[in-house]
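As structure tokens, here come the structures.
Below, chain A partners chain B and then partners chain C, in two separate complexes.
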Partner chain A sequence: MPQALEYFLMSWTDPSLLGLIAAGTFAGIYIGALPGLSVTMAVSILISFTFTWDVNAALALMGGVFCGGVYGGSRSAILLNIPGTPAAVATAFDGYPLAKLGEAGKAIGVSTVVSVIGGYLGILVLAIAAPMVSEVALMFAPRDYLLLAIIGLLLVGSLSGDSLAKGLFAAALGVIIGMVGLDPLTAEGRFTFGLVPLLNGISYVAAMIGFFGVAEALFQIRQLGTAGVKQDVSRILPAWRTVFRFLPLSIRSSVIGVIIGALPGTGGDIAALIAYDQAKRTVTNPSRPFGQGAYEGLVAPESANNAAVGGTYIPMLTLGIPGDAVTAIMIGALFIHGLKPGPLLMVETPHLFWFIVGGLVLANSFLLVFGLTGIRLFTRVAECPRGILIPIIILLSIIGTYSIQNSMVDVYWMLAFGILGYFLKVYRFELGPIILGVILGPLMDVSFRRAILSQEGSTLGLLSDLVSHPISAALTAAAVLLVLNQTPLWRRLRRPGRVAAL
Partner chain B sequence: MTNSPPLPGERGFGYALVAASALILWLAFGISGLSSASSAGAFPMAAAAVMLVSAIGIVHRNRRRPHSPRPPTTAPRSVRTGTDILPREVALYMAILIAYVVSLEHVGFLASTSVFLLVSLWQLHRRSAVTLLAVAIGVLLTIQMVFGTLFQVQLP
Partner chain C sequence: MRRLIAGVVAGIIGMATLPAAADGFPARDLQGIIMWGPGGTTDKLARVLTPIVEEKLGRKVVLVNKAGGSGAISAQYVHARPADGYTILYGSESPQIHGVLGLSNISYKDFVALAIFADTTPTVLVRNDAPWKSLADLVAAMKAEPGKIRMGSTGPAGTAAIVGTMLKMSAGVTYADVPFEGEGPTLTALQGGHIDFTPVTYPAASELIRSGKVRVLTVVHPTPYAPLPDVPPVVADYPELAKYLPWGPFQGVFVRRDTPPDVVGALTAAYRAAAADPRFVGFVKDLGATHILVSGAEADALVTRWQSITSWLLDAAGAAKVSPASLGIPRP
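Let's look at the complex of A and B:
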């Protein structure tokens, strides 16, 4: 244990790591708050710039940006009614009405405090649960990884976006992108057309930056005209009384957040929507009606989305399965640094785990400080015109993609994915499942074939394994339920009058 | 679930997805055929099949949605007309972007980036020439300093 504490405090005592976390959190708040810049975009671009760094430094910076960004999205949701990040969509429901009532300062103060509460709770759960999960995960067979990945893709496909079909299409497209190149087991070419640049596969960082950087930037051009509303933000430090009043709801929402975050595939955006919905159904006497400036409607999503950050790290670090799009990108970063996220990560590199936990605690502490100060500077930055931002995003995307392996081929891929991503976005496809597919695809492929090979090539043998082993059977049941719940049969089975929340 | 009429071009886009999925399925079949469930092509075929089935599902849903030449005014302004799927500014910017990436290889980073920045700022920001030039030089210098020096990243 003292060893763990030493690792935990590593970033607290090293000035350069401390500085990186502070800078990351600070930058994250602004990245999250600026509509048009998202955490996913920032983290995917950052991977390419930090891959020559020491892994600790890279993780410190990205962890800070992640925490800061998830919180930062609430700023523009409250002030401008534009969620800076998908995780802040639910925050705008009550946050913007509060700003219109002239309570923007108080709203930001409350959202900052409950975000930090949620963040700490999420990290606490991560610290306690991850070691246990990774012990269980050591018992997982390849088929269980396959099932987990399927569950992750089904969850993200069904919960986000327009329809299950679109979510599944996006996820499967990602899987195909991840399949291009030499097959890791037999070294046969897949989708390579005999072309040398395709043999090594498509760089997933190029895909990530294309879908989240370029596509997003192109999409932003459509909204160049929308201007921000100036709000009067004065006092933002909330009274203790206010904090205590919302503490129970904040804790409840954080629990929802961390659980949703820990499910493979689902992150802060879905956690926030579910927590908001839950608060709406359970809070009997809100400060104002929901949707018209209820503080409860602000506390629930803000606690949940920050708690989800800790949650999303759990499957990423223990199973190598991303909790959401950002952690999918972080898995990519770990791969680049030669680490293999999965149950053995805790055994082989326990220092990394405790370092991440310590760094996240630190990032949340910085969040409290930066969140409650520097609001003037913030309003200035939020006015940065998109016309300048867009070329900068594009430039960073290109430099970032090129720098991974000094290859223009990657840049062309990034451009192609950017343009494809633009059209997918216009037609209401979610891009998150694509990235999850890219990361999970190769894992699923290898797990599937190992599972089949362990049954000497018998598909029937695999099927019987899926239901005869306890862990596999539970996972199979979960996957089947997820599919069933999208069919008309399920809707008929449910009580009439209770419509699905999402 | 939305039951609003499809966006302009959404049906066509759906058919394109079906065609692309079918092509990918055919390519996946070409990897190792139906030899065995653990072959290199088995999983790609499964993924391509999921793509195809969901693309057909998307087309099916588009067909069931009410068809109207003029979508209702409740649709956000930005999606009401066909040109708004790909507004002129976006199309133009895509062209600028492609030209920039192609020129990177042939003209070099500094020259093509300066031109790209000036053109895109002029396109998107529309201020006086002096302002644009100042912003472009500022961005270029910062990038050179931050990435060339701090991150030590190789620029294209």
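Let's look at the complex of A and C:
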């Protein structure tokens, strides 16, 4: 144990490691905040860059970039309605309305604090329960991923605004966008019309930037004359009272985040969406209605996506299985540095585990410092005159989209989605369900087919699996409950007095 | 940190003093297109090889991942760039079966191999608590309950499906094919017990094998495979498979075939030297792959043989959409 502590504190006492983590976290925040520049990309570039370095220095820098990047996505989501990373999609639902109300400063302050709380909780689980959690994560069968996707898609109900029909239409559109390209199971082209650029599918980041950022920018051209929203920056740091009020929700969301993060098939984006849904269903009196600037709608996804960072490290360090795209690259980095990521990594190089845990704690501490400084400057962005801001948003969206995979095709899609999104907004369609469909549709599709293929195509076999395995049964029950508790029957049963009177 | 500074300084001095290769090539930085996403075998090899190549060429090779379309996107992209040697494809075996799968007409016949530097061998794995101790046990189980045993695969043209086809043809078995996005997710599913067996390449499985979490029933190799000396090769049970073996995914770097010969020569020299560098050879070995080094005509023979075997196996399994005969691919 004293040795573990020594490795835990290694990055705290070595000035060059300390500096690398600080630099990584700082850079990560801005990489995350710029739409299109992703943590995945940054970390893969760092592999070549750190090729000749000591492995600890390389891991310190990558860990910092990872933590900073997941948090940084919330900045542009709040200020510009463009989620900087897919994990920040749910942050935009209530974060951007807050900026429109002039509370961007407070929103960034709250999201920073709950991000750090989520981050610490994720690391705590990683430190004390990694082997146990990874055993549970392995038990998730394809049918369980199917159920998770269904639970996530039920969020359409909460995101549809005033018309469920329009919400369903938007979600279905998203699912179709997500299906384009080579089917991952059969390598058969779907909706590709024989065109090679479509084989690769439509990048969901391009869809996200188009439907959120560009559509909103185009929409604002209608009010070009009006001035930017004056932002209230008198109180940036959230009061202790506020933090304590949100703490239970933040902890609940972090638990969701760390578990979904630890599952090899899902990451921070899905964690944040499910946490948002959970908040919307469980918080009875939010500060404002959800979708119109509820702080609860910011707390849940921001806690969850940062907790998911700790979660994604769990399968990577215990089993050598990546928890998401970023940890997949880190596993590559470990290989390149002569380590052997796999089930024996923690047995043969236990110091590495404690070094990473220590580095992550440090990165989250830097996050608090960097996140809370410079907010005043940032909120100015939302105060910019629209005539200046809108062209910048469109330009940033184009550069960001191009840099996803250096493809102009993605840029054309993004612009087309921006224009389509504008008209959908004009006709009062909500755009959130589209992204939900793009992210969850493909997961539901492949999981369903895998689950039923495992049962030789027997529907009955799949249905019996759904109730006979403990994890599946729990998830099935959750999905059924989520539907039932929206029905009039449920509401009547919930009021025993009324029932007795009848 | 000191090593880093020393490295950067050495790099700058090196770049300033190294003479440029043949006829001023390369006159500017190059671009390396990686066929698959970050973190995969092709990506890892590219990122270890390239810094060494840069030392030899005296220029940067900027790496970009262009995954997608089973590898067709990257091959198409490099093929559409000018044939000047400034765009280099870091690829694996996939383009050789794009023809029979009807994905794309571009294959390695349109490229010249600067170097093929790694070859991998498939293994057949089950969980360590599975009742089957040998390939014969597994085959018997598949025969007892046709279609019940679940095989994890990586899609209809992946390594697993090809090895599965070899078993189907020689042992006459059937199984439930459950496809995943790659070898990593397949191995995860195997550990969770969501599939019963899976054929994967040795590099992907080496750490799991070493930890004892999985059992290797056979190696798809004509002779006992050096890293796994105690595992019987598949030809011990099915000698008729010998004509297809050794068979396995390979990794290499390619440029357009119509690139000027002196440019190909300069690039080949640099990539061969880098691929023979002890740092790279050691990495290939650590990865669990077999280090080989062939270029030009020798490489053409290797990729053509691979294409012939795989295309006809896919055709026999009914997975080919375009007949290999119509594409002029000879029978193995």
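Keep in mind that, in the parts below, the second predicted complex is superposed on the first by the 270 of 502 C-alpha atoms of A that agree within 3 Å, B and C clash if a C-alpha of one lies under 4 Å from a C-alpha of the other, contacts with A are read in each partner's own complex, and residues count from 1 in each chain.
Everything that follows uses one rule, which is that contacts are C-beta pairs under 8 Å (C-beta built on N, C-alpha and C of every residue); 3 or more make two chains touch, one makes a residue touch a chain.
Since this is a predicted model, take the numbers as computed values, not measurements.
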*asked:* Applying the document's definition of touch, where does A:G342 land relative to chain B and chain C: first, second, both, or neither?
replied: second
*In the superposed arrangement, does A:L395 touch chain B (first), chain C (second), both or neither?*
first
*Touching partner for A:L453 - first (chain B), second (chain C), both, neither*: both
*Name the contact category of A:I329: first (chain B only), second (chain C only), both, or neither.*
second
_First (chain B), second (chain C), both or neither touched by A:D269_ = neither
_For A:E302, using the defined touch cut-off, is the partner it touches chain B, chain C, both, or neither? Pick first, second, both or neither._
neither
*Who does A:D54 touch here: chain B (first), chain C (second), both, or neither?*
second
*Report for A:L185: first if it touches chain B alone, second if chain C alone, otherwise both or neither.*
both
*Does chain B (first) or chain C (second) touch A:N406, or do both, or does neither?*
both
_Quick check on the output: what are the common chain A residues between the chain B footprint and the chain C footprint?_
48, 52, 185-186, 189, 406, 453
*Given the complex with chain A, which residues does chain C contribute to the contact?*
1, 3-4, 7, 37-40, 43-44, 47-48, 50-51, 63-70, 72-73, 76, 101, 103-104, 147-148, 150, 155-157, 176-181, 184-185, 187-189, 191-192, 194-195, 206-208, 210-211, 213, 283, 286-287
*Touching residues on chain B, where the partner in the complex is chain A*: 1-2, 7, 10, 13, 17, 21, 24, 27-28, 31-32, 36-44, 47-48, 50-51, 54-55, 57-58, 61, 78-79, 84-87, 89-90, 93-94, 97-98, 100-101, 104-105, 113, 116-117, 120-121, 124-126, 135, 139, 143, 147, 151-156
*Okay, in this complex, where on chain A does chain C touch?*
16, 40-41, 43-44, 47-48, 51-54, 57, 138-142, 181-182, 184-187, 189, 196-197, 199-201, 264-265, 315, 319-322, 325, 328-329, 331-332, 335-336, 338, 340-345, 405-407, 446, 450, 453-454, 456
*Flag every residue of chain A that touches chain B in the complex, lowest number first.*
48-50, 52, 162-166, 168-169, 171-173, 175-176, 179, 183, 185-186, 188-191, 214, 218, 221-224, 385-388, 390-392, 394-396, 398-400, 402-403, 406, 408, 411-412, 415, 418-419, 422-423, 426-428, 441, 444-445, 448-449, 452-453, 457, 459, 462
